[in-house]
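So, here's a batch of structures to check.
You will see two complexes here that share chain A, one where it goes with chain B and one where it goes with chain C.
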Partner chain A sequence: MRKVGVIGAGMTLFRRRLQETGKEMCFEATKMALDSAGLTRADVDTVVCGTAPDAFDGVAMKGEYLLDGCGGYRKPYTRVFTGGGTGVFSTIAGWWHVASGLADVALVVNEEKMSSCQPHPQSVFAHIWDPILDRPLKPNLVWIFAMEMNRYMTVYGVKKEDIARVAVKNKRNAVGHPCAQLADPNITVDDVLNSEVMAWPVQRLDISPPSDGASAVVLASEDFIRKRRIKDRAWISGVGWCIDSTMWTDRDLVFPEYVARAAKMAYKMAKIDEPRRQIDFAEPYDPFDYKELHHLEGLLLADKGEAPVLTREGVTERDGKMPVCPSGGLLGVGNPIAATMGMKIGELFWQLTGQAGKRQIPREVHTGVSQAWGDLMQYGSVVVMRA
Partner chain B sequence: MTARISRWPGIELTAADLHEGKVTQTRFRPDAKYAWSAGEAMSRFLEELQNGRLIARTCRKCARVLFPPRMFCEECFRPTDAWTYIRDTGTIETFSISYLDTDARRIPEPILVGVVSLDGASPKMGMMHYFGGMTKDEIRIGMRVKAVWKPKEERRGSVLDILGFRPLGEGES
Partner chain C sequence: MRVGIIGVGMTAFRPATPEYSWKELMFEAASRAYADAGVDPRTDVDSFITCAEDYYEGFGIFDEFVPDQLGAALRPTCTVSGDGLQGLANAFMQIETGLVDVAVVEAHSKASDIVTLEGVIEHALDPVWNKPLGAHPFVIAGLEADAYLRATKTPRRALAAVVRKNRQNALTNPLAAYAAKIEMDEVLGSDERFAPLRSLDIANSADGCVVLVLASETAATKLHANPVWIRGVGWASDSPSLETRDWAGGEYARLAAAMAYRLAKIRRPSVEIDLAEVDDRFSFKELLHLEALGLAKKGEAGKRALRGDYGADGSLPVNVSGGSLGCGNVFEATGLHRAAEVALQLRGDAGMHQVDGVQVGVAQSWRFVPSATGAVAVLGVGR
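Coming up: the complex of A and B.
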């Protein structure tokens, strides 16, 4: 397998509603990523587009619909979708094109325009449930999180205020992010605990908002990077992904086994046997505050039930021993599902190349891990990157 | 390059822009209708619900009692072997107190919903359903519960043939 580096990244603002169409958003993010890498569309061998259900945009064959904005026409072009896991998985799909030797340069473009679906994209989320077993009960997507969060809290005796600290940290971290939708420099734990109860134990400020947005990254082979003398690059040193059974009522929701398996796959490739010592910072998927904790444990960066303690002790702050979601995450920057690649892969690139500006971790970082999660509490995708 | 980029693309539209009709938009309401096949395992499951019973499938190889029932074992990757009834009592594995309906609209009286693992099935195997006969302050993980069935003549072969799960009484099975 060839060595693959990330050499450029771009993203649009994340907002509840943007005027731009999905195609226009893709163009903006793609152009920014190509410009930052010093490349043009002619340099690109293959394009991977990551985007969630067609029903959000109300346009079927969304991969084809977004094609022109992704710079993909008359090129080998693939759309991938692994639920919320797409935010990290599409980069893995781009990686294998380059690692295999099939392409020297792969462009990865992720898009979501959730505002098209009215009055709220929630009605589309309802379509993910099993039509015979689950849907007659009229489930709401927030139930998934509420049930998982309650199980996690109850088994380990986690207090809600320790979970709320994650929302506070990420919304504060997002203050330094130019694209952030919900940055808040003054938010407190009490604000989260006093916010509206949606589906207990989930309250309004425990949740990341639906957003419009697009993001893009450029991947290239080591040869190409050397030939073009590209200085700003971060190497992809490990990838992993795993999905559990659709029979979600048959497993204990307290631990994301599929994330652990994906992490182990990525760590093995990256030759990481002590993740807590060898990884400097993490961008786990944080659509809800407890998910960051759940995923830190799945990523083997905390013992089971220990992530809330690390958070309370400040270990996961930007200036802590293991900064987590220095980007501001989904909770602070926004949650246009697949486009969260901007905070997961994009942030790793920006941090590892020292370009994160106000969000830069105040010490030298060499290794970062990003992770995304999706489907019926099933899917984990993990990428390890090194400076 | 976040530190070197000054213009971040995207033109924000506010909710007011939308309500005041300042935004050009087109509306479309899809009219798709679906008739799902219940399949072999689920058809029998739904039929048994009308009889007030829960049915599972067994896999001889891994010795699991699989619920919800399925015609193949995803673990052993072979056809399952036999039908077996399980009990309509179980344990609350997790739950939520939901103030949201399917469309994320607020509802004043919360729905108690969660996962119940069922007695007679392999550990942790169960289903999502509603809980009743208890308040939001009484419900807890680990609580023992029993299905409340609709009257026989009202059952239609749906998971809604069970109204929900109520607390299991002392000494009751």
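Coming up: the complex of A and C.
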């Protein structure tokens, strides 16, 4: 197995970007990532594109459409798609392109353009359900996640304030992020608790906003990194991915077993047996504030039901013992589904190479873990990176 | 490390399968593949890959619906939004890393569920530059056929020879949907569609599923399998924009083949390859792809097709299975079907359409209109 490192990253501003096509956003992120690695398109052997539902952009075979913006012209180019899990999964796919020896340099580009979906991108989610069992109930994602959140709160007796602390922390963390959509230095727990109720217990500020954006990372083999004398690199030391059954109604929603299995796979590869001691910081997927807590438990960084306590005690603050979502996460920076790679893989790279600027964790960090979550509350993708 | 195909499972390809859901098609092909490989998906398989596109499937996130019928729940599973051969290439890489020993690749078509196929394909056109023109997307295939025929001075009759051969080959393939004893005059006299293409030049849609089980050499030995080795894989894309791509030469296929041949150490494909299964969803594509793969000189594929070189008993059997013209267009499963047929031929398990003494075969795919993306796999037995 060849050693693979991340050597560059780029991401666009996350906003409703009516002026740019998806291709153009991909180009912007790709150019930034290549520039930061000091490479050009000629150095790239293969391109992996990650992007979630085609229906957001309203283009079928969206990977083909984005191809030239991603730098895939006349190159081996593949699109992978695991719903929201794509945010971390595409890097795993890029990893096997390099680790297998088929490529020395792989470019991974993730894109989402949700604003073209009218009247609201939520309408795409009407088509993700089983057409016989679920669709007639006209479910939407907010109320499905409300059920999951409610179950989590009920089983462990979690207070809504403790969950709201996650939204406050992440939106404050995002203040230093140049791409952030919803950074807020003054937000309080009361603001979250007083925001509009969407589907109890989910309120408006518990949710990350839909967005348009793209992000890109450059992966390279150890030989290439050594030959080019590339200084800013972070090694991918563990990868794991796992899908649970489609039948979400058959699952206990209180614990994300699929995340735990993906994490164990990644930790085994990274030779991590005590994750809480061996991992310095985490970027779990936080489209909803309770999901960060849920995922910390899935990642085995907190005992079951303990994540809200760690949050209340400040352990997960940027200057805490285990900083979580120092980027600002999806809650603070925005949630253009697959493009959240910028806060997951991108942030790990920037933190581990000391390039996170105002967001830099104030102590030295050596090992980070990032995770994304997708499909129908059933997908976990996990990457462990080391300085 | 060598990677081999140790299990092949296919359903029959049929114009419609009203009594089956796509999940049941997947279950059937997967069960056959696991039985063929002698593996239990719950304990022996490390990774599952499915190849699907949301719009063909009619779902927002099709990846959700993959695991249960493949035995993949709570296992590493993912979707490659591409042709089945691209999925095969990703499984090949996963095994090459050493992280995975046994991987499963699945691709299927439930085209009979699609009410508005033209609209779905139209949605794949560039929304700013091309979709507003309002033409049927197959016009692109017609234009490409025209460019190919002109650039290579290929006679129109050669396309009819391809259709006759593949539809007739399908008569010996019990899985084929569109086997027929068709003559060239019938092709040339069929309805004009997207000039120069006529209705019989275009493969009809079919439902079906293909599942392959791949294993590392070590795992294959442990499972007492008799693998068909994947000697090389390659995939590539030309420009997605219609205005800037190569129209007559199949650049995507040429680049993909160059990569696969490099890995397989094949220097003279026309001599070293015994059998080919190439994408023929429009008749001219078979000829264009043979030239791009270096299996025919530029401009000669048509003449050789008219001479019968590509028949089951010709110098290079091409699409002995019947290809997509004979078996049906199974969309993202097309490339995996080509690979499955090559694997069966190399194993000597192709039944009535078995070609004797084949050692090295090539499978090639294209991602259909309007893409300029394709993949190639070189398979071999022995050594």
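Keep this in mind: the second predicted complex is superposed on the first by the 385 of 387 C-alpha atoms of A that agree within 3 Å, B and C clash if a C-alpha of one lies under 4 Å from a C-alpha of the other, contacts with A are read in each partner's own complex, and residues count from 1 in each chain.
One rule holds in what follows: contacts are C-beta pairs under 8 Å (C-beta built on N, C-alpha and C of every residue); 3 or more make two chains touch, one makes a residue touch a chain.
None of the values given here were measured: they were computed from a predicted structure.
Contact with neither chain B nor chain C is seen for A:Tyr156 once the two complexes are overlaid on the shared chain.
Of the two partner chains placed around the shared chain by superposition, chain B and chain C are both touched by A:Gly58. Contacts of A:Thr249 after superposition: chain B is touched, whereas chain C is not reached.
Once the two complexes are laid over each other on the shared chain, residue contacts for A:Gly83 go to chain C alone; chain B is not touched. In the superposition on chain A, A:Val124 makes contact with chain C only, while chain B stays out of contact range.
Looking at the shared chain after the overlay, A:Met25 reaches chain B, while chain C stays out of its contact range. In the superposed pair of complexes, A:Ala99 makes contact with chain C only, with no contact to chain B.
Touch criterion met: A:Val239 reaches chain C, while chain B stays clear of it.
Common to the chain B and chain C interfaces on chain A are residues 58, 126, 131, 245, 247.
Across the complex, chain A is touched by residues 1-5, 8-15, 18, 23, 27-28, 30, 34, 36, 38-39, 42, 46, 67-68, 70, 74, 93-104, 110, 113-115, 122, 124-130, 136, 141, 158-160 of chain B. If you check the complex, the residues on chain A that touch chain B are 9, 11-20, 25, 28-29, 32, 36, 58, 118-120, 122-123, 126, 131-134, 136-140, 142-143, 146-148, 150-151, 154, 177-179, 196-202, 212-213, 232, 245, 247, 249-253, 350, 355-357, 359-360.
Contact residues on chain C toward chain A in their complex (touch as defined above): 53-56, 58-61, 63-68, 72-82, 86, 89-90, 92-94, 96-99, 120-121, 123-124, 126-128, 234-241, 251, 255-256, 259, 263, 367, 370-371, 373. Contacts from chain A toward chain C in the complex involve residues 1-2, 21, 52-55, 58-65, 67-68, 72-83, 89, 93, 95-97, 99-102, 124-128, 130-131, 239-247, 257-258, 261-262, 265, 269, 374-376, 378-379.
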